[in-house]
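Order of writing sets the labels: A, B and C. Residues in every chain begin at 1.
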Amino acid sequence: MISVRTRAHAQEAVARALLFAASAFVVVAMGAIVLYLAIEGTRLFFHDHVSPLTFLFSPAFAPDEGHPGALVFILGSLAITGFAIVIGAPLGIAVGVFLSQLAPKRLAEFMKPAIEILVGIPSVVYGWLGLTLLAPLVREHLGSLTGFGLITAAIVLSIMILPTVISLSEDALRSVPDTLREGSMALGATRWQTIFNVLLPSARSGLTVAVILGIARAIGETLAVQMVIGNAAVLPKNLFSPTAALTTEIVTDMGSASTGSILYHSLFSMAFLLLLIAMGLILAIRLAARRAS
Amino acid sequence: MRRIADRIATFLLWTAAIGVLVLLAFFIGYIVYLGWHAISWHFLTSPPSEVDAGGGIGPEIYNSFYILILTLIFTAPIAIAGGIYLQEYARPGWFTNTVQFCAESLATIPSIVMGLFGLIVFVNLLGWRFSAIGGALTLTLLNLPALMRVTQEALASVPDSYREASMAIGATKWQTIRKVVLPSAIAQLTTGIVLIAGRIFGETAALVYTAGTSVSAGRSAYDLNPFHNAETLSVHLWYTHSESLVPDASAIGNGSALVLLAMVLLFNIAARVIGRTLTKRLTAT
Amino acid sequence: MLLGQQPKADLDINAKLMVTDLDVYYGAFQAIKRASLDVAENCVTALIGPSGCGKSTFIRALNRMHDLQADVRVEGEVVLDGEDIYAPGVDPVAIRHRIGMVFQRPNPFPKSIFENVVYGPRTHGQGNRKKLQEIAERSLRQAALWDEVKDRLDKSALELSGGQQQRLCIARCLAVDPEVLLMDEPASALDPIATSKIEDLIGELKKDYTVVIVTHSMQQAARISDFTAFFLMGELIEKGATRAIFTQPKDKRTEDYITGRYG
């Protein structure tokens, strides 16, 4: 009997060590990613002696002349993300409210797989839809020249972030205790007043997280945007101008960038910048969550 | 006055929800409508063509599955093990916090950025050039957090009373996990894995500069060598649109989009069916 | 109201478990205060008291179940056959082979009846199919469940009724051949018929095992136990032969509880 007990204990120790190693791997991987991207991403500054200020704030993107200003792309990313959030966040939260408060059970159950499918559609397919469906519409009905530009990209993006915002808002609203809703209704408030004055404020932190994750998804989206944004490295004049974003620029030009060139290094600097933005968003989420408790 | 505001609000909300459903149905319908003519046995099995019309997506479909399986082989053990550790063993503290933060960050990194990391390490540093395994390892990093989260949720859904009963008989923690907790969680875990598989299948940005945009020519297009370049279907769709010279690029794109969509729907349905079957088996035997 | 059977004369009684000065803390809150109790071998000892008095906390300390919670501190001695189970270096897993526990809500695993019963022996290394079948039959007979399930051993345990599931959990416990059985309100989630079956079962079990049972029903304690310990707000107020406690309680608080002054 003693030997059996020892074997089980030995297995326990081994299992514990392996499981620990697996979770430690996550930390190691993240560290490696930050490290390598930092090294490659700062070559532009240390090796090619380009000033970070030039990189961040100059609107002229001319790497062949040693002047890779990424402002166009930074603003492009911010613009499409901003518009996508303006369109997609209220819509997503509205559907989240609908699902948690209004929807009859059968409909809610039907919408769940529908939203999962929306999430599952690959971004290339969204891009393709934007290309074949949306761009012609924009071209014909809104007077844009090619149909490719800021607004097209923003619309495609807003649809892509919908599922994320919907399901997170729904979760946030469901987790508000029923007693709050009942208390409000018992005081004579209408359903909409209850939603607006009690439920939405109570779910504020969860909704904030939903929006921040929507932002994260939007800023990181590459191919769908690249297929409809026009890929012109110029600041947009209006909503219909072709422009570019950080992610789209990387995927467009990386293929033709020769290793070690200034273009190559500036693309990596853009990648590093995106990495920092992603980590910053995670911190923002943690802060929002902490404020809740 | 309040009544009217209420009615308007309700109307708007219903419109939003139905609108989303209609949008989805419209997308699916449109893709089917566009791509239906392009689908043929020839299309699904022949190799792509560089210049002439009539190319197919055979090798690309193969590569999509190949990279999917390779990615799951790498991701599943690490993610499930990590998830078990975080859910069953880890105590709150700086280490657990760090792991959570890293997992959340990994999940938020844009896939193109991960692709560039793969470019640095797998393509250049390790000298593998464009390869299926490079793509698979990059996708592993991208999907680790999701599978860890799925594992944790599946484990959390197992009632604590099972753990208590097992420990009270004198089983060790690992025995309890292996013999009681994991089997009870398997239905939810499998559903999650199949759904993630669907996402991996559609992944593009991370693969463009790690697995490449072309397939090995001739006899090695369908081989098992993980070190050959391996353009997947989703990458092919993008590449066709942006660089292709063939006259029927549109048709190829439409067909590819349809096949991609069909695969994703299949994965979704499979996930639900498998989940339901496993749950039934669990509570019946 | 039937009183428990006469316990054997004092001289014959062996203390299977000796608890000395047990303290249990949940964080800063002290849930058990210096409780001492000798648990007689092959007898049924009932722990009674109003809800929140600590009887569940006490019984869980007897097989080191508190080890599974963070932030719980146990001090004092629990001596099993001369060995303190809380001594440093003692393996809690081994202790739980010898001291088993049945919980308030039946918690069979989502596996077959057979797999549930042989779970314990399997984890202890018993792989021989024939041996396991013998163990399963023996345990199910001891738990008075064999006749009801012998033809459907590979059906899911979740298909059994509540009372049957609880007897299955008892069989599962017995399959590892423990010496002491701890039962935390084993019948409180069951209907009266199932409850009386469990009570009869306990009367049989004490011939081979030492039983400690937590119960919120005084009548149950009076029916089935040989010894009783009364808890109030974490303190062990009075203990002794069941008949004595119920007919001539020494402490006024015991008397108040027994006569129903508070529940």
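Keep in mind that, in the parts below, contacts are C-beta pairs under 8 Å (C-beta built on N, C-alpha and C of every residue); 3 or more make two chains touch, one makes a residue touch a chain.
None of the values given here were measured: they were computed from a predicted structure.
Novice: Measuring from CA centroids, which chain ends up nearest the centre of the complete protein set?
Specialist: Per-chain C-alpha centroids compared to the overall one single out B.
Novice: Once you count every C-beta pair in contact for both, which comes out on top, A-C or A-B?
Specialist: When the contacts at A-C and A-B are counted, A-B has more.
Novice: Can you name the chain that lies farthest from chain B, using the mean of each chain's Cα atoms as its centre?
Specialist: Here the answer is chain C, farthest from chain B.
Novice: With centres defined as the mean C-alpha position, give me the chain B-chain C separation in Å.
Specialist: Centre separation, chain B to chain C: 49 Å.
Novice: What is the distance, in whole Å, between the centres of chain A and chain C, each centre taken as the mean of its C-alpha atoms?
Specialist: 55
Novice: Distance-wise, how many Å sit between the C-alpha centres of chain A and chain B, to the nearest whole number?
Specialist: Distance between chain centres, rounded to whole Å: 17 Å.
Novice: Where in chain A do residues touch two or more other chains at once?
Specialist: In chain A, residues 8-9 touch at least two other chains, as defined above.
Novice: Quick check on chain C: which residues sit in contact with 2+ other chains?
Specialist: Chain C, residues with two or more chain partners: 93-94, 123-124.
Novice: For chain B, give me the residues that contact two or more of the other chains.
Specialist: Residues 171-172, 175 of chain B touch two or more partner chains.
Novice: Would you pull the chain A residues touching chain B in the complex into a rising list?
Specialist: Touching chain B: residues 8-9, 11-12, 15-16, 18-27, 29-33, 36-37, 40, 91, 94-95, 97-99, 102-103, 107, 111, 113-125, 127-129, 131-133, 159, 162, 166, 190-193, 195, 216, 219-223, 226-227, 247, 250-251, 254-255, 259, 267-268, 271, 274-275, 278-279, 281-282, 285-286 of chain A.
Novice: Quick check: in the complex, which residue numbers of chain C touch chain A?
Specialist: 91, 93-94, 123-125
Novice: Applying the document's contact rule, which stretches of chain A touch chain C when the two form their complex?
Specialist: The touching residues are 1, 4-5, 7-9.
Novice: Applying the document's contact rule, which stretches of chain B touch chain A when the two form their complex?
Specialist: 2-3, 5-6, 9-10, 12-14, 16-17, 20-21, 23-24, 27, 30-31, 34, 77-79, 81-82, 84-86, 89-90, 98-99, 101-106, 108-114, 116-117, 119-121, 124, 141, 144-145, 148, 171-175, 195, 198-199, 201-205, 208-209, 213, 234-235, 237-238, 241-242, 253-254, 257, 260-261, 264-265, 267-268, 272
Novice: Name, in rising order, each residue of chain B that touches chain C in their complex.
Specialist: By the definition above, chain B touches chain C via 91, 159, 161-172, 175, 179-180, 183-184, 282-285.
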